[in-house]
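As structure tokens, here come the structures.
Next, two complexes with chain A in common: one pairs it with chain B, the other with chain C.
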Partner chain A sequence: MNAMAEPEAEFAVLPGFVAVLRRDLLLAWRTRAEIAQPVIFFIMVASLFPLGIGADMKLLARVGAGVVWACGVLATLLSLPRIFAQDHADGTLEQMALSAYPLSAIAGGKLAAHWLTTGLPLSLTAPVIGLQFGMDAPTQGVLVLSLLIGSPILSMIGAIAAALTLGARGQSLLIALLVLPLYVPVVIFGAGAVESFGAGIDHGAHLALLGAGTLAGLVATPFVVAAAIRIALD
Partner chain B sequence: MLFKYASPASFYPLAGKLAPVFAVIALVLTAVGLYQGFIIAPTDFQQGEVYRIIFIHVPSAWMGMFIYLVMAMYACLALVFNTRLSAMMMQALAPTGAIMTAIALWTGALWGKPTWGTYWAWDARMTSTLFLLFLYFGYMALDNAIEDRRRADKAGALLVLVGVVNVPIIYFSVRWWNTLHQGATVVPGSSKMADTMLAAMMVMTFAMWAYAIAVALWRVRGIILEREKNTAWVQELLDRP
Partner chain C sequence: MLSAAGLTCQRGDAVLFRDLGLELAAGEALLVRGPNGSGKTSLLRILAGIAAPAAGEVRWRASPDRAARQLETAYQGHTAPLKDELTVVENLDFALALDGAPKSRADILDAVQEVGLASRRNLPARHLSQGQRRRVGLARLVLARRRLWLLDEPATALDAAGLTLFCDVLDRHLAQGGLAVLSTHQPLPLAHPARELNL
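Here is the complex of A and B:
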């Protein structure tokens, strides 16, 4: 690459973002089976609930949204160590931090890739569980919408915890401990949107709060994750 | 002047002098507050004697939240100025904050049974206090799991700052979800409580505050000794008869 083509790397936010996003998506595609695991886990755990609480369709329809959100959170938890652990173990993360691209742009790319390979598929498979729980089509629409708007927050908070726990003992369980209290508002508003839609109340407020959380997170999280990575590599 | 005491070596003796003072203050205020609360304050016309648990419940709930905020402040200091003592204070405060939160939950359950007829309800404020306790656990777990002390300090500080977003949610959740828990009774300027009750609660709050300071100072002395055990001044201190 000649000197002319080299962008001023300090400000090369977009190229850094795109490069990492492409790399992570390609890696994910090469290990498709691994990517499918959270989705399969999601459906399997949700399928346990009717066995535990009984097959009364009315009851199931009422608890459906909460079950989907709780299982979505659990499935996301499973996928979190994947964001950085491999790259940390083989030294890629260190090279990324040393590269000329801003670390926050790299973190942003990793976040986007994680959401595209976890949050998005989970959101889109939620109707399968919705059917099992006897939810009607409009309710399912709200459920998917709430997941689409809210699941980026799960990826963002999760990535912070994943970076903070790099190299710590018992990482996967530790991530769960750190992340679950912080996921509470997301679950409340996500499931709350579906519930208030079912009760005929305006569900827009819940979705708007989720959206606000996602937007605020998008602004701040890449920098927090970058700081967490720097601490991990310290 | 202030920065002088940011060094563990000069803070250690200061903490040793201050801790007993705060312990005595805590003891005296607890005696006064409990006397005021249990004997002087009138019986509540709605709830009877059982309401008196608020003299422990409310101050501990406040302290549970407040200590987390103080930890967040130390987290800022630790990350911005890279001061070791700030991180040590954070580490020293966490167990006290967790205990305060646990006391608030426990006394709340004991009070809820006769008043609401249930030990636990999925009320917003109770739930968020429970999750505040989990935040303390999370911080302590992370602090324990990372071997490298400097990394553990910084990671813990960042976690506390991320978690502090949750504390305002606890406070405002009362208005957002407004369910079983009674609305805030103590609002500056427009208190619905009898004066004696309010006074007792305030005295108890200051008592718990003094207790938290005393315990944190004692704990931070232990942490300082442990972390600085290889320095000359600690060796000298330990060799002294």
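Here is the complex of A and C:
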């Protein structure tokens, strides 16, 4: 038997982030049928619109970006309760709070895993829907780009709401009510980028605003989520 | 090394305990006893620093610094924090990474063998019985080598052999100068004399 472990002198951040990211991705792979549900939901709901509106290609092309963004938001909502609920129920969240690494690093790992398993696949499957709305290839490119830049904000705001509502009754509806108003600007600028591109106006400003939101969120969100988890555990 | 003074725990309107003090030196174990709902779990969570007491203070090495205490604390609640989709070895691998004490696969397999789960090492945790889940927790305690063990009902669901194994591991921990606070309803056949606290 080796000697009793001495406490580590320094706080490293990266190993905690990597350990949680790796585990969450492994868990996602093991439960991939469940993980795929929001993406399938996204495609199915967005596909209802062309069927309902009919073959008016002009109209479809105009509403396409807005529909994709709105359906992306709804699909993200479905995935939010899952971020922390299981870890909370089986006590893993307590172990994370007691970890040798800062809870914010662990929260960051969970955020990254959530985006990689939700925001990223949603962004990459958007062209499937874009096709049904008669979008041409360059417009599709802007749509995917706007989703790639903007969807991390959806994950981050959603994770804060999910952590704050841990243990609350009717958690999933509560998250939706908390989060939807905050998603409004993201949808406006995301769909706005595609629309300006179609109208021949500069769409860079919209994308830059989304990017600024993502960067600001990356700095603050891990700490906010960590604080929310501590409140939920107390 | 571990001391607490004036601890008060409140849950809603009910005060579970008031002005509780304790003192624990290296190599000592404290058994927390009391009827259901008397605050055993709450006390352990306060000592671990997960929950904050309504009043009072916990000190470790004479310092109230929660983060420093947590670096040397292993806390196990009444549910085993295992992921159903991961195998025994994968669960341990992640738990130890979280503890900041990553271990090689060989070390993990040794510990899994020691707690009698060698044949289940690649089984997803959802197929484990409650007692087997406890044994995985025991393997984690052995591997992480934390100084202070805070264990909530560690003996529940363990069979006779498991209980003996648990007591052996705990005795070894105490002999090496470790500390342990555990809540339990049943008598533990420990070689080390343990102090008792009745809530």
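Just a few scattered comments:
Everything that follows uses one rule, which is that the second predicted complex is superposed on the first by the 224 of 234 C-alpha atoms of A that agree within 3 Å, B and C clash if a C-alpha of one lies under 4 Å from a C-alpha of the other, contacts with A are read in each partner's own complex, and residues count from 1 in each chain.
Quick note on the criterion: contacts are C-beta pairs under 8 Å (C-beta built on N, C-alpha and C of every residue); 3 or more make two chains touch, one makes a residue touch a chain.
Every value quoted in this text rests on a predicted model; they were computed, and no experiment measured them.
In the superposition on chain A, A:164 makes contact with chain B only, while chain C stays out of contact range. The partner that reaches more residues of chain A, of the two candidates chain B and chain C, is C.
After overlaying the two complexes on the shared chain, residue contacts for A:224 are found with chain B alone; chain C is out of touch.
In the superposition on chain A, contact of A:174 is made with chain B only, not with chain C. In the superposed pair of complexes, A:234 makes contact with chain B and with chain C alike. Looking at the shared chain after the overlay, A:100 reaches chain C, while chain B stays out of its contact range. In the superposed model, A:182 makes contact with chain B only, not with chain C.
By the touch criterion defined above, A:16 lies against chain C but remains apart from chain B after alignment on the C-alpha atoms of chain A. Counting contacts by the rule stated earlier, residues 234 of chain A appear in both its interface with chain B and its interface with chain C.
Residues 127-128, 131-132, 134-135, 137-138, 141-142, 145-148, 150-151, 154-155, 158-159, 162-163, 165-166, 169, 177 of chain B are the ones touching chain A in the complex.
Within the complex formed with chain A, the chain C residues making contact are 48-52, 68, 70-73, 75, 77, 79-83, 85-86, 90, 94-95, 97-102, 144-147, 172, 176-178. Residues 157, 160-161, 164-165, 167-170, 174, 177-178, 180-182, 184-185, 188, 224, 227-228, 231-232, 234 of chain A touch chain B in their complex. Note for the complex: chain A touches chain C at residues 1-5, 7-8, 12, 15-16, 19-20, 22-23, 26-27, 30-31, 86, 90-92, 94-101, 106, 233-234.
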